[in-house]
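You will see chain A twice below: alongside chain B first, and alongside chain C after that.
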Partner chain A sequence: MLSIDKYAYSSKLAGIDPMQKLFFTFITLGVCLWANDWVISLLVIFIAVGAAVIKGGIPIRIFAKMLLIPMVFLVIGVLSIAINASSSAEFFLISVQVAGTAIGITSSGAINAFNLFIKAIGSVSCLYFLSLTTPITDLLDAMRRLKVPRLFTELMGLIYRFIFVLLERSGTMFTAQSSRLGYSTLSTGYRSLAALASTLFIDAYRRSDELYTSLEARGYEGELRVLPRSYNKSRAGYICTAVLNILLICTALALRHL
Partner chain B sequence: MSKRFQLAIGLALMLILIPVSASAMHIMEGFLPPVWCISWGALTIPFIVMGLFSINKTVRENPRLKILIAMAGAFAFVLSALKIPSVTGSCSHPTGVGLGAILFGPSAMSVLGLIVLLFQALLLAHGGLTTLGANTFSMAVVGPLAAYFIFRLVKKAGGPQWLAVFLGAALGDLLTYVTTSVQLALAFPAEIGGFGASLAKFTGIFAVTQIPLAISEGILTVLIFNAIAAYGKDELKALKLFSPGGANHAK
Partner chain C sequence: MGQSILEARDVNYIYSDGTHALNGITMAIEKGKTTAVLGGNGAGKSTLFLCFNGILKPRTGSILFDKSPIDYSRKGMKELRSHVGIVFQDPDSQLFSASVYQDISFGPLNMKLPQEEVAARVKTAMERTGILHLKDKPTHSLSFGQKKRAAIAGVLAMSPQVLVLDEPTAGLDPSGVSEIMKLLKEAQRDLGISVVIATHDIDIVPLYCDYTYVMDQGSLVAEGTPHNVFSQKEELRKVNLRLPRIGHLMEILSKKDGFRFSENALTISQARRAIKALWESGDARKER
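On to the complex of A and B.
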């Protein structure tokens, strides 16, 4: 049901220490945001896509499909930043007159919007690299090592496992309802969805109760302990990240002085 | 028509026709400048710490509730993945902000909301890591607090329960989007007119898309809440433990 999760487990980078991947993601993401330059952003897109596709073995088709997910927000957001209204048309590159006010795009606005567009795609590629190559369980392990509060990581771990149980449950109910025309009209649709959500809630509640009972019967004392995974010891990830990002920073500085 | 050409047309059509959904309103990765990422993150941390302390206290008194809180988080995630049927045929997703706040209380919701947003960013590619602070502030702090207090206020004023739930969920939803608009306007003040003009632009766009969504979310929350109140009385009673004043006000 969650294809990103499936790819993360089967990627070629799944055995690498999650710290290295976090390091790569956050440093590259940080440089991309800091540079705020479309050349750097394009380079970041190439690096992140390359890392995920060549190193991680993720099909490029999947990566491209995922880039479409935030497009609605991106297009709406960028357009609303680029388009301005003013009483006179003199500032604008292109403008239309609507009821006495000019609505249009200034040249600096267009440049900023273009920069933002590419920058956002660059940052999203970094995020996708992380989510397509790092299983959540590894990420939780890394968070534990980074001293994130125990309660938080534990809740996260439990929620992660329950998501799949509840998703399957709601999927079954949805199929059952729609095969009985439960979503054929708007009003039955609302009624069916309310029935689904409330049944899911009560079901989740009972499941959690049963789960607690069965855990307690096996000696649960408020903590689920698992052995940390052992990872590939190579440090290549840190070195590559550092070299690539120093190059990116130098390019960014050089571009600024041009 | 060559296959490549068909694909290009398909992609173009997809871009145009993708329905604007509630989840499209998470601020995406890389959209906010670093200053705002850090500021909103810092502003959110106290609420998360408070939430963690409150959950910790509840769990220490009643260890059974830890599993229940986790189940509630997973429920919120799955709820946000469901589709609300809508008139125009486009789909939208419930945010679950109102329902969660009324059932589990705003302090637990801040932590659960953060975790749900993190999973949405990692597993569904909605939202992002650097914008997590801003998104958590609008969806897991402002939204639930507003929904909870509106719910309590209407109940105290003697309004019927359905109205309290409806207003809580719908207004909680709307305030979430107003917060998102403020965040975007602060980060991107308009060249002409500054913050005010920018806020007007963003709220204008959100108003068109989000007011119908907030109303349908309100209706849906009332229906869900009534069903839970009818079939899950015992469960609601147990929820009293971690949402004083919320669920136990339900009949």
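On to the complex of A and C.
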């Protein structure tokens, strides 16, 4: 998670209006889901990876690594669709007999599973494009402009900010504990972890108090008003998204009539 | 003493757990000057500062801003907080936004200024604190010193008349300390603001401060120019404070080794002058 954050801030697309990136992500994602065709899904993967790697300057290795994260769930899910059971073995491509029932993979099951697999990877790639090129602060800006309820954006912003503060605190405490052999055995480990968690909670509570005081000192009246960041004026993102997706839709329609 | 911008008159404050944090404090912060509030841990400095900004209301006594008692209504608080800014000790508890730029824009936006004005103020404050290059950086990637600067910028952007800082040099390395103090001095010179700092970093007091108050357990125990205050050595030691290192050295030299300095030196340059004067008069050589 921390490295995603780092890449998002250093990405070449970090200065682009997050609206354009949101537009790209969700339109392409929508087309990928609507088309429900492995060719389109494959194209979407290429487009999303290409955009992140070539336009965003994200190392392809990182993108590939991130795609491995959902793979376990995906493989399990896809297998359960691919594998069917039946009383006769005639429809199966490969099957085994277990207690008079044939369990195996049919051709339609295999195609379904493959389609779903590629479609899921395509959708995930779109979201990864967004998270690898858009800092959370920009995303919050975009959400404010989209009139997402203030409570939601403010909470999200505070949580995001304090993840790092508390992470640093817990890191320091963990080091201090381990330097005194706090994690040398399993039982002391559990005890130390409990102490760390409770101290962290108290620390977080104290911090929230201090934060409130300091916000009040700067004239807080129940609303965390901030100035939106100014972005690159270029609208190329919208145009690119529109052109690419019209091409994708046309291809999808053409494939259906074949 | 010149014109005072902020005043505490016989201020008492008691926390809900019964701690008597402030005990009849009377204090005047002079306009355009740097005032130090010295005191060990738990002396009541932070409580006093929260009273200056209207966050805490004294149980008895009053706080005066620009000669008139502060108004605790919503409108009055808004007004006061745009004039008296506080920079807290831990920047991680002050910076609420993951974007440095947006955090700094918070204060001026609360003052209901137009966006262009806010943007200009944020830029000026960032330039003044030397963090303009960190504009698009996330807060969590900043060093402690940079966060401290961002916290100061967030208050400077509100263009306060009084800047109150709680332990501005705590946790900074030596060059960080002198950079922050220089930055504050420059801001004071250019903007004519009054600066109040709470500190137990005694060595910076004779270098940067014009007037000093010493607090202990909620009471005022000494006040005066740094020179005055640091000549009351016994009072200082009683409240767990000490002389500046140079002052201590000069004290030992004159008490134990019989050097007869013409002035009570507290800083390196003052000590240098005193030692040179003594050398030139020939007294030091005669002693040997």
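Basically, the second predicted complex is superposed on the first by the 234 of 258 C-alpha atoms of A that agree within 3 Å, B and C clash if a C-alpha of one lies under 4 Å from a C-alpha of the other, contacts with A are read in each partner's own complex, and residues count from 1 in each chain.
The rule is simple: a residue touches a chain if its C-beta (ideal position, glycine included) is under 8 Å from a C-beta of that chain, and two chains touch if they have at least 3 such contacts.
On a predicted model such as this, the values are computed, not experimentally measured, just so you know.
Contact with neither chain B nor chain C is seen for A:V148 once the two complexes are overlaid on the shared chain. Contacts of A:I136 after superposition: both chain B and chain C are touched. In the superposition on chain A, A:L193 makes contact with chain B only, not with chain C.
Residue contacts after overlaying the shared chain place A:A242 against neither chain B nor chain C. Of the two partner chains placed by the overlay, only chain B lies in contact with A:M156; chain C stays clear of it. Legend: residue contacts after superposition of the two complexes on their common chain; A:A14 is shown touching chain C, with no touch to chain B. Of the two partner chains, chain B is the only one that A:G222 touches; chain C does not reach it. In the superposition on chain A, A:R207 makes contact with both chain B and chain C.
More residues of chain A lie in contact with B than with the other chain of the pair chain B and chain C.
Overlap of the chain B and chain C interfaces on chain A: residues 5, 136, 158, 160, 165, 207, 211, 215. Remark: chain C residues 50, 53, 55, 78, 81-82, 85-86, 88, 90, 92-99, 101-103, 105-107, 109-111, 115, 118-119, 122, 136-141, 154-155, 158 touch chain A in the complex. Listing the residues of chain B that touch chain A in their complex gives 11, 14-15, 18, 20-21, 24-31, 33-34, 37, 52, 55-56, 59, 63-64, 66-75, 77-79, 81-82, 84-87, 103, 111-112, 115-116, 118-119, 121-126, 128-130, 184, 188, 190-193, 197-198, 201-202, 205, 216, 219-220, 223-224, 226-228, 231-232, 235, 238. Chain A meets chain B in the complex at residues 2, 4-5, 25-26, 29-30, 32-34, 36, 66, 68-77, 80-81, 83-86, 91, 106, 108-109, 116, 119-124, 126-128, 130-131, 136, 139, 149, 151-152, 154-156, 158-160, 162-163, 165-167, 170, 174, 183, 186, 189-191, 193-202, 204-209, 211-212, 215, 222.
On chain A, the positions that touch chain C within their shared complex are 5, 9, 14-15, 135-137, 157-158, 160-161, 164-165, 207, 210-211, 213-221, 224-227, 229.
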